[in-house]
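Heads up, the next two complexes both have chain A, just with different partners, chain B and then chain C.
After this line comes the complex of A and B, so read on.
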């Protein structure tokens, strides 16, 4: 044992033996994920190039090459869903990031209402999306709070179809999704803001900086690194999102809230065309991975410059 | 010194009108939905659509009585508890050692594994439900609780590893060396020194796994073939997408589903606030 200790300290890094001793720590997770994630992913790829319906799910699948993919593209479903996904991600990203930063700036206080408000927001964030989605479906309904207010103010006589209009519904669900991500972003931004040394801010104050100048020239630039990480997380979150769509509109009215990941689900579990759903899933999965890598690269380049 | 202390509050308590307005708006945005769930769950179905009863109504526990008298609710709650606890335990058993490995061993396989975990973390859940349905059918475990537990664990293990890794990285390696000089085995060092040191990260991760698997409904709705086996979240998802929703009943179900979250949250918020930040940023 002392030889091991010596070899560890002598090299200053983990010795070969130390490394070998650590392999058993990764094995259970590696085996579990190989069986329950990697194997299903292989099956997903196989399905995407085969004719698979709910009837033939248990039989050997007929290889059809890129047929599923082409069917999806030619029907126009894939392209339309992709466009909706981009709109959806753009809204959630913009509102989620700006809202998160604004909330963090307003909640910098350690005491009083700020602490309570932050706890309330994080609690709402922690609630199951199916609970939050249900409430918003109710609030945005014909007899919901927003329509009551609009009618009381005299803005409208008929109910605003927040979730029934083919253009409005996508925006409504995206805004609710943004609302759901703001508390997390605010929490992380707030921690970054609190990490700024007080001297820096006091120096700016002594130089006569206004509150606005303080925000623009000191606070925002110092949370840039945090903003980069949060951007990637928010984009990926928005892209993957399906729970609010499932609960609030189920893709409707018509197909107006069907994003790419939700299209894959509908194709497989509503149309029972597992091959088509798998092909759409591959497109969605590949896209979000490329998006994340491209984004991370761009940001790194920008930071190096 | 005096100036610094008098200045401090103005720095920590931004009291500009803009900040106050922002706080007020946030209070409305996150407070109203909570208040609305509660008040709606205390209404009669007829009052929900009535304009006069928007704020002033006679509260009633009818919706709760109806929900609780339905024997299925208790089964669903037990099902939720089983799924969430089993997923939490299983995920931690797999993820804690894995996170330790990935925090200490660098290069080669370790990098490849880490990349694999990030890819799994990014994959949409709606993509994974398709092949898992087929795989579970092959294994003949559809309609069984274990299917949902396995799927939830596969979903949350990458997340847990990525969240826990920075906590292990923040523990200096010299600490382990000291322990091994004292004759402790790697396993013993891990179990009795490292794991207690990251208890904050562990509490955060465990809470999040429990929260997410408690609210998960996509796997539950698809792997259970009959609603009789549904956990609370799936029951709620099923009822909210039905036509002619009974809103007081639905909101009562939402409140019942959220109470365990409130209890857990009140105990763990202290850890969550710190832990989430570290895990997300590093």
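After this line comes the complex of A and C, so read on.
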């Protein structure tokens, strides 16, 4: 046997031993995931193809195939909620990404005020959505701060119907949701910006680059990889958003802010049609899974690079 | 003496039986001295209602010194989900206090124990009208200790200032709101939330226009929706009401500056503690054809109660007893469901309750509607609330909302 062959065999054995040694460490997490993620997901899929209501929840579930999905589509509820969800996601994505990058650029220095603002952003990010949503509901009310300001500057005599106009309500809730995601995006963008070597920026300054050119030609391209990952996370976050809608509008007025996750909630936990709610959740989940795959591919590509 | 690992081990082993005996003795003592806990789930957050629950707890503990009543607050929105989730693990409270309109949902989900035997042998069962006893498939599952309903609250100071009488017709109400608006006041507050609370508040106006659940008159429904839309367009009612539950509009009324509020008898405590003006309650001006749901919380025994007999004793001595109903009347202004207690001077001599009592007699309607399929009550309530909210916010025209409701509600009715 050659030395090379011996070495390869030894390496292979070590590698196998190493892999075997990993299992005890991986196993708890794997069991945890299987119990808390995989099992409920399997049940959700089963429920989505079965007739399950509060009356039949305890009985064996009758298989009905795609009946639940078709009921949702034929009623028009799923299509309308999907459209609202796409509008909602577009707003949260656009404002969340641009706002996050802008905040990160503004806070990239090490001034004292930056530290204070960062702490404030972490506070906003960490606030429970229920608290956040309740405060914003108050601020956007007829007698709230924003309407008082609008009246003071002469923008309106009465009140801007932030939360009870059929179009404005969806935009308002999406903007509040964006406001809650900006701090997280800003913190991630800032970490990426802090990783840019100072010499690069100094060189650009020596070459006479303006602040705007510095941002457009050096800073933004440098955080491109981070932006791609963050954009997927932001879209997934927006897609599964539920709590702000629950607190601020309860899907109303009418059905103006009923997005896919909220529709699934109404179907499953207000109407107790668990099969229908599960089918709607599957539609929303499928869209998120597509994005999750895109995210995973991107991470792998970045790691390979 | 030398302490070796071996002697330590022997000592430890020798101590084991003694420790076990000691622990067993403690456990026996503990078991003998332990009181039985009776868990009561409710969703009350108003001080007056919580006060009644505490009064019931004290009443029952006084007559049952070995029982510890534990009142547990569960938020309304999570209540049903928690109960249904408990079915899988065969757990739940001993006593369930929940919206009577959803009794069928709870019973069909297996969260309630039938209490027909208890009810049939209850000496005072005859004091309860049929409308407050919830039967599903012939079994009694819940009964109401009181009735809640809507009335027209009015700000007497504003009415005096604008020189109008308490309205008795929709036209008079509209004229009064116009006068209030001209004087710089808001006309009316009500709930337009896109769920059951909105549906509950919509029904009196819709039924006054000719629509009822057993007479799906589209023209009448359209007229009812047009009425409330005209109030919004004229500025009598804020469009913001499309996002209000029943608490917010009453707080707004109690703060002053609003002539009327469509709200319930359970708000008496809030009115007394908040309103700094003279106020009163009249029957909703919806004529003889209009209907007002007779709602209120119903009480039943949890399906997995380990002490159903004790749970029944609690119910019969608190919610269903004359003494208990009077305590609730005094504590939070509820209208007793027992016929004998309804004749009490606390009811007949209370001017605020007179308006509600008039509504019960003239416009009282079953809640949920008698022709609603038990498993579809929630669907009906949600659809009704969504259409009401859509009209108030302008998402749908009255005619479109009426057409959608008529079409959508068909599968939910017998």
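Operating definition for what follows: the second predicted complex is superposed on the first by the 278 of 305 C-alpha atoms of A that agree within 3 Å, B and C clash if a C-alpha of one lies under 4 Å from a C-alpha of the other, contacts with A are read in each partner's own complex, and residues count from 1 in each chain.
We take it that a residue touches a chain if its C-beta (ideal position, glycine included) is under 8 Å from a C-beta of that chain, and two chains touch if they have at least 3 such contacts.
Bear in mind that the values here come from a model prediction, so they are computed numbers and not experimental data.
Novice: In the superposed model on chain A, is it clash or fit for chain B and chain C?
Specialist: Taken together on chain A, chain C would clash with chain B, as the superposition shows.
Novice: Scan A:57 for contacts with chain B and chain C and give back first, second, both or neither.
Specialist: both
Novice: Between chain B (first) and chain C (second), which, if any, makes contact with A:269: first, second, both or neither?
Specialist: both
Novice: Which holds for A:21: it touches chain B only (first), chain C only (second), both, or neither?
Specialist: The first partner, chain B, only.
Novice: Which of the two, chain B or chain C, is in touch with more residues of chain A?
Specialist: More residues of chain A are touched by B.
Novice: For A:166 in the superposed arrangement: first (chain B), second (chain C), both or neither?
Specialist: second
Novice: Determine, under the contact definition given at the top, whether A:251 touches first (chain B), second (chain C), both, or neither.
Specialist: The answer is second: A:251 touches chain C but not chain B.
Novice: Looking at A:126 after the superposition, I want to know if it touches chain B, chain C, both of them or none. Which is it: first, second, both, neither?
Specialist: In the superposition, A:126 contacts chain B only.
Novice: Would you tell me the residues on chain A in contact with chain B in one complex that are also in contact with chain C in the other?
Specialist: 57-58, 137, 250, 269
Novice: For chain A, which residues are in contact with chain B within the complex?
Specialist: Touching chain B: residues 1-2, 4-5, 8-9, 14, 18-19, 21-26, 28-30, 32-33, 36-41, 43-44, 47, 52, 57-58, 102-103, 105-114, 117-124, 126-139, 143, 145, 148, 179, 183-184, 187-188, 191-192, 198, 201-202, 205, 211, 226, 229-230, 233, 236, 239-240, 242-243, 246-247, 250, 261-262, 264-265, 268-269, 274, 277-278, 281-282, 284-285, 288-289, 292 of chain A.
Novice: Within their complex, state which residues of chain C touch chain A.
Specialist: 80-81, 84, 87-88, 105, 108-110, 192-195, 238-243, 375, 378-379, 382, 386-387, 389-396
Novice: Touching residues of chain A toward chain C in the complex: what are they?
Specialist: Of all residues in chain A, those touching chain C are 53-55, 57-58, 137, 141-142, 159, 161, 163-166, 169, 248-256, 266, 269-273.
Novice: Can you list the residues on chain B that touch chain A in the complex?
Specialist: It is residues 4, 7-8, 11-14, 16, 18-19, 22-23, 26-27, 29-34, 36-37, 40, 48-49, 51, 54, 93-95, 97-98, 100-102, 104-105, 113, 116-120, 122-135, 137-138, 150-151, 153-154, 157-158, 161, 173, 177, 180-181, 183, 186, 190, 211, 214-215, 217-218, 222, 233, 236-237, 240-241, 247, 250-251, 254, 257-258, 261-262, 265, 269, 272-273, 276-277, 280-281 of chain B that touch chain A.
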